[in-house]
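Please read through the structure below; I'll follow up with questions.
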Amino acid sequence: MSDSEAASNGGGVLDAVAARLLDASVLERIGIAVASTTLAILIGLVVAAATGYDPVQFASQLLVGAFGSERAIARTLRSTTLFVLTGVAVAIAFRAGVFNIGVQGQFVVGGFSTVVSIIWLAAFVPSGTVGGIVLMLSGTAAGVVTGGLYGALPGVMKAYGDANEIITTIMLNFIATGFVGWLVAGPFGDPEATATRTRRLPDNVELPQAVFGDPNLSIVGILLMLGVVALVAVITSRTRFGYDMVTSGYQDTAATYSGVDAKRMVISTMTFSGMVAGLTGALFVIMIQGYYTDPSGIGNYGFDAIAVSLLAANNPLGVLPAGLLFGGLESASSHVQINSDVPVQLIDGIVGLVVLFVAAPELFRMIAARTGLGGDAE
Amino acid sequence: MNVTDSLTVARLRLVGITIGVLAVLGAVLSGIFDVDLSRLITRGFVTRSLEMATPITLAAIGGLYAEKSGVFNIGLEGFMIFGAFTTAGTMFALGGTSPTQGDVWVAILVAIVVSTLLTAVFAVLLIRYKADQIVAGLAVWFVGLGFAPFVAALVWGSRSSPGLTSIDKLAFGQSPLVFLTIVVVGVAWVFLFRTRYGYWVQAAGENPEALDTAGVDVNRVRYATVIFSGAMAGFGGAVLLAHAGNFVGTGSTMVDGRGWIAIVAYLFGNYNPVGAAAAALLFGALDMLNVQFQTVGIEISARLVNLLPYVAVLVVLTAYGKTRIPAVVGEPYETEE
Amino acid sequence: MTDRQAEVDETSGIGRRMLLASGGALATGTVFAGCLGGGGGSDDGGSDGSTTQVAIISSPAGFDDNAFNDNAVDGLEQASDEFDLEYTTVEETQEAQYESVQADTAESGYDLIICVGDNHTDPLSTNAEEYPDQNWMLINNVIEGADNVSGWIEMNNEMSFLAGVAAGVMTQEDFEYEGSSTDPDGSTVGFVGGEDIPLINAFEQSYIEGVEWVDDGIEVLTGYGGSFSDTGAANDVAESQIDDGADIVWHAASAAGGGVFSAAQDNGRFALGVDVDQSVTEDQYQDVILGSSVKALNEATYTVAEAVVNGNFSEYVGEQNLSIAQGSIDFVVGQAFEGELPDALSENIQDAKEGFENDEIELTCGPTSC
Amino acid sequence: MTRNAPAVRLEGITKRFGDVVANDAVDFTLDQGSIHALLGENGSGKTTLMSVLYGLYDQNSGTIHVDGEERTFESPRDAMDAGVGMIHQHFQLVKPMTVLQNVILGHEPTEGGTVDEASARAEIEDICDRYGFDIDRELDTPVEELDLGAQQRVEIVKSLYRGAEVLILDEPTAVLTPQEVDGLMEVMNDLREDGRSLIFISHKLDEALEIADDITVLRDGKAMGTVPAAETTESDLARMMVGREVLFDRLERDPGTGAPVLEVEDLRVSGDRGRERVEGVDLTVHEGEILGIAGVQGNGQSELIEGITGLRRPDDGIVRLGGTDIADRSRRDRIEDGIAYIPEDRQTEGLVQEYSLQRNALLGNQTIEPYAKNGFLDWDAVENHAADVIEEYDVQPPNPETDAESLSGGNQQKFIVGREIGHDPDVLVASHPTRGVDIGSIEFIHERLMELRDQGVGILMVSSKLEEIQKLSDRIAVMYEGEFVDVVDPEAVTESDLGLLMAGGTLAEGSDDESESVDGGVSS
């Protein structure tokens, strides 16, 4: 009792202040994310107006395109699944202070090896649902392993070769796209197909649709996304490995002091991150694509994921709303294309602006301080 | 051995690697495929290699100045896109689909000015508002990929421009911009290692406090280098366009990863302008060697050979990974007031 | 077969006219293609019965390629001038999205949806079933058994063969024009591809066969720039080939092809255009574009759009061809070279076309792959 | 020596950082051609005050006069133009650049647009000749290749090159051997005789008394008064600094020693740049014993300790803990084996600044039950641990949710000590356990270490503070250039003996000299 009294004298005040700061920083992060997005969209609307389009219509189409119908919601959720998972992959690495710019490449090799392994295994596995489940599980495992290994590579190069992971992962993205592209066009191409692609996955490799009847969105995919988010959140906050990882990200010297082997940590972080990226690749081919095609046409999920992760302040839970935003914008851009004449690159530009503003939280702190909004700046 | 000496050694090593790699590749393959080496290594090959290296070199010099001063400008690719687009737009505005050589030069200047202005905004975000350099740089790329084709679509009704014109060759069948780039490389080297401002740039990236206490405004130095880096990337994009003769905004645009290669080039060149130019030339030559292989019928997949520079970068970064990155890259510098 | 014959007659009648007009229309059409679209608010368009609403979904290369995709749009542009018709362009470069984009477009109530490129085949076989009342048009493939899809196959192999014939003839001629000339001593020609993929490999192989049909002693240098958008890369490949003796270069590099023309121009050699009359679409290079190997894809989209307007879409359901036999693939002389080129060229082209019409020429590669 | 207007006069300087008042209406006067010592504990505001004078900070109120003229310094450049130079505690040198480039940085002579190295070289050589510096032989060497003493001389030459009439030296003796300190004192004397005015920031009473003409004491940001050095004593100054009497007495010691717990044989460890820094050290720590290691910083103590705690892999040799060789075991294994470690740098190693104390309580414990089981963490157990440490070690503020970075140095250190002792270790390695800690906390930490020793734990302690070494150690090993030069009984040696050993000398050569002051300078 005497302790708490002592605390209430000097410490109590500090206590309250500290608690408020802690809360403020979470609120502040959310505030910054919302402000960045709003500002970017506002600029987009101004650009639309300035170039002769109707901004109100554009805005309403963004909304309708993302959430206006069951189809739109399904489409949004489908993209969201991919953005969230790749976003989590990025967040894992960033949390540990490793800049994995290579999620795109890990996503590509993961998806490709899922397809290849399923097609190869299909000859040995009976058709039917059980066989399909076996194929999907083993294919997903192949994707996870390949993605993990491809992520481990720059980790090893950083740990033992002192090679900057930003550069190596960028290079490995180019290599993944080029090499898988070559494999798809050549050795693994479907000789029957006229387009550049692998053979299709067997018919029993299919996830239950269950939601909105969209053939490319499965409840399994959504559950997998939520499961991975929860798993990663638990790992980072509740396990020794997570503590080691996050500590390395904040202060590697302190992590080393506490017994973390820095080299191994870099490698295991990159592997972990790559595994999630590989898993995303597997989900992508099983739930959506059904075969593999030239990866240069697969979309930049791995790059956009960097923005998703950042918008979420690299918090695995925060990745959910951030992924939803990106999924919504992607979905809306498809709708805008079909139903309006605004060049869709405007939406790409808006995404760029969101990222730019998210990178500069100080901008909003100063704006907040100037305008007196959002309380006192630190 | 002092700093410049060690850099000179690194540079020499790099030139050695360049020549070695090319010679070995050329000799081995021409031996295997029984192709006359003179068909492979032609004057045109050298010219194209130089032209390929030119925009990369310019962007790389900009990037290395920024990074030397402690700011990682990962947005070079984005600024190159803006540079290329602005050049095309200006040429089109001045001369429609048949601009004159004068228009080309004016367009290059305009592109540099526009890039400078855009980078100034970027620099304010990075330095005054302490934006995360990696993320903001990526954002510049996204913004470039979005807005340049968007504006192109508004101007031309298509993300790609119609054919405009490319710059006329000068002596020895070389573009004047190649010569200009050689001059820029030399000047950039002298400026960085022989002038007081160059000292300041180096100090800003290694120990900004030391520079501050020596009475030099660190952030002013960084503003200068960051803006310079964007201007050079824009210049690089302009040169790319002036050689190509039209703007292509589909896919990853005509810049197509050259900004990223520029970053790799200066890391490869150990932050030395001459080294960066040598590295850019290495990449350019590898790329063009690949074309030569196809032309003379050496059957290796173009797609695979195209990956060679990237693999080379990985090998060199890992095996010779001792690229010394300036001590405080990425950290905003805060003076107390 | 008799039904089919009737169609052939009808389409080939328009075919010739459209082929020649295609280049010019493309030049003006594409300038506005990006902004025009079908206008906003077409959500429930088409159902009101007055204006026909058409949507066109791109191939992975996207629009603004000055070739394949734009050529398809061009037919719609022309149709919109002549009929009460509006169209919307939907660019989708990710193959994985086709199934969903097609369905979304179908949900938006268009009278006709055109899918450009073979990559649409698999998703469309699903969606054609899913939306049985929707009229679809697929370019470069057919959907077996679907009674609501008009599938159009462009005989790119035939088109490429003609380009090969033209190149083979011209490299053996001694020909000069405004600072450019052939090399009468050597007989070497070039081919520049965009991406190194089966579709373009089929162009390459058919082109080589065309050259060798003229004279199998002619050397064909081939190379790929690695991209459909990087003019610089295409330029480098073409220059390298010209260095190595090529005096006529043809390309299948979409928007990047401009680099091939500038290489020819800078080095005093000649080039050939693809898909449309590129001496018109890329007219700053008309002094080196001897001619272009063209296909009337615009004709196809125009024809089907017109059929929808007139309510007789069903006549075009099933497999349709753009071929030499139907008059919708041809070689056209560049606008600067009308009447300038040696007779050997037109004679050989004529022979080759007759060869196809009489089934005398067999090609290794199909229209989209080998 | 003309003594008209004072070289520097500060009037009523107040400097706040947020709510913290670092300087509170401080007055300070530096006479021409004199040395003025600025004394105070860490955090008393000495460096802040000088940074205001040097144009690094803007004061909230108060005026600066140089040579009788009121000045406002927007930047160090303004201060330099007015002839004020500062040698910082952390050297302001650009490591990969050469000595010459560092000296002229910001004041480069140019010719034809490029730096005129020749004239710079001549001028620097001139300065070196005048004050007897040796660095002119190394003008083209990158600064990072010089030792700390030479780097300090580069800093001084840099200020002189810039034409400084007033030189501010911020704790210049912290990294020097007593013998090097003598050399510095000579340089300072020469500078004074040359008519320059010097401000000497220190917390070492003896040094201030020895060299200064006047002494100003700061405490909690306030000036406690200025006294002529000739008219004051150490205990007067100490009272001014701390605000109360300070005991200089050695603590009672229980000499009984137990079985050896930590044995090191012929240990060899390399430093960051691959050079061998520990060149064959043997040592033994017994149960219930404190073995102190004295030495000038940079003689291999850090590498030795890192070799023992597992942060650095030894090249060769044996580290035996309770009889088992652990030289090949990882840092984590050694923590689990029972080696606790109070690290040299609490800011970067001992605490994660952005973590709450609770999360920091887990640092190093993340594999140990009850905090972790099967890889999962038990945050309740960690929180209890944090609360215990906070209570037992009187950490302020007593809130486990507080971020470490908001704690004062002393409280941070108390928390680390508490956490490490909480490991229930067999051996505690303590590196500079009270560096930068306020006096109250020093006494507290010292008591805890003694308690731990009395419980039978073997303690290996490195400190650069001789009085701390002498006060706590049962035996003292003196380290010089990677080797132990001697192991001595703390009762049997004086501080000057230790100083001599630390400089590589031996006790046989000469036991004492007059430059050493009496035992017991207060330090913090």
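In this document, chain identifiers A, B, C and D correspond to the written order of the chains, with residue numbering beginning at 1 in each.
We adopt the following convention: contacts are C-beta pairs under 8 Å (C-beta built on N, C-alpha and C of every residue); 3 or more make two chains touch, one makes a residue touch a chain.
Because the structure is predicted, anything quoted here is derived from the model rather than measured.
Relative to the C-alpha centre of chain D, the farthest chain centre belongs to C.
Looking at A-C alongside B-C, one finds more C-beta pairs in contact between the chains of B-C. Each chain gets one centre point, the mean of its Cα atoms, and the points for chain A and chain C are 38 Å apart. Taking each chain's centre as the average of its CA atoms, chain B and chain C sit 36 Å apart.
For this pair, chain C with chain D, the centres built from the Cα atoms lie 77 Å apart. The distance from the centre of chain A to the centre of chain D, each centre being the mean of the chain's C-alpha atoms, comes to 46 Å.
Those residues of chain C in touch with two or more other chains are numbered 34-36, 93, 196. Residue positions of chain A touching 2 or more other chains, listed in rising order: 185, 343. In chain D, no position touches at least two other chains.
A list of each chain pair in contact follows: A-B, A-C, A-D, B-C, B-D.
Contact residues of chain B toward chain D in the complex are 2-3, 190, 194-196, 199-200, 202-203, 206-207, 209-217, 324, 327, 335-337. The residues of chain B lying in touch with chain A in their complex are 74, 125, 128-132, 134-136, 138-147, 149-150, 153-154, 159, 251, 257, 260, 263-264, 267, 301, 303-304, 306-307, 310-311, 313-314, 317-319, 321-323, 325.
Across the complex, chain B meets chain C through its residues 39, 42-45, 48, 52, 97-98, 153-154, 156-160, 162-166, 169, 240, 243-246, 248-254, 256, 287-288, 291-292, 294-297, 301-303, 306. Per the touch definition, chain C reaches chain A in the complex via residues 34-43, 55, 60, 88-97, 99-101, 103-105, 107-108, 117-119, 121-122, 126, 140-141, 195-199, 366, 368-369. Residues 310-311, 330-332, 335, 341, 343, 345, 348-355, 359, 362-367, 372, 375-377, 379, 391, 396-399, 401-403, 406 of chain D are the ones that touch chain A when the two sit in their complex.
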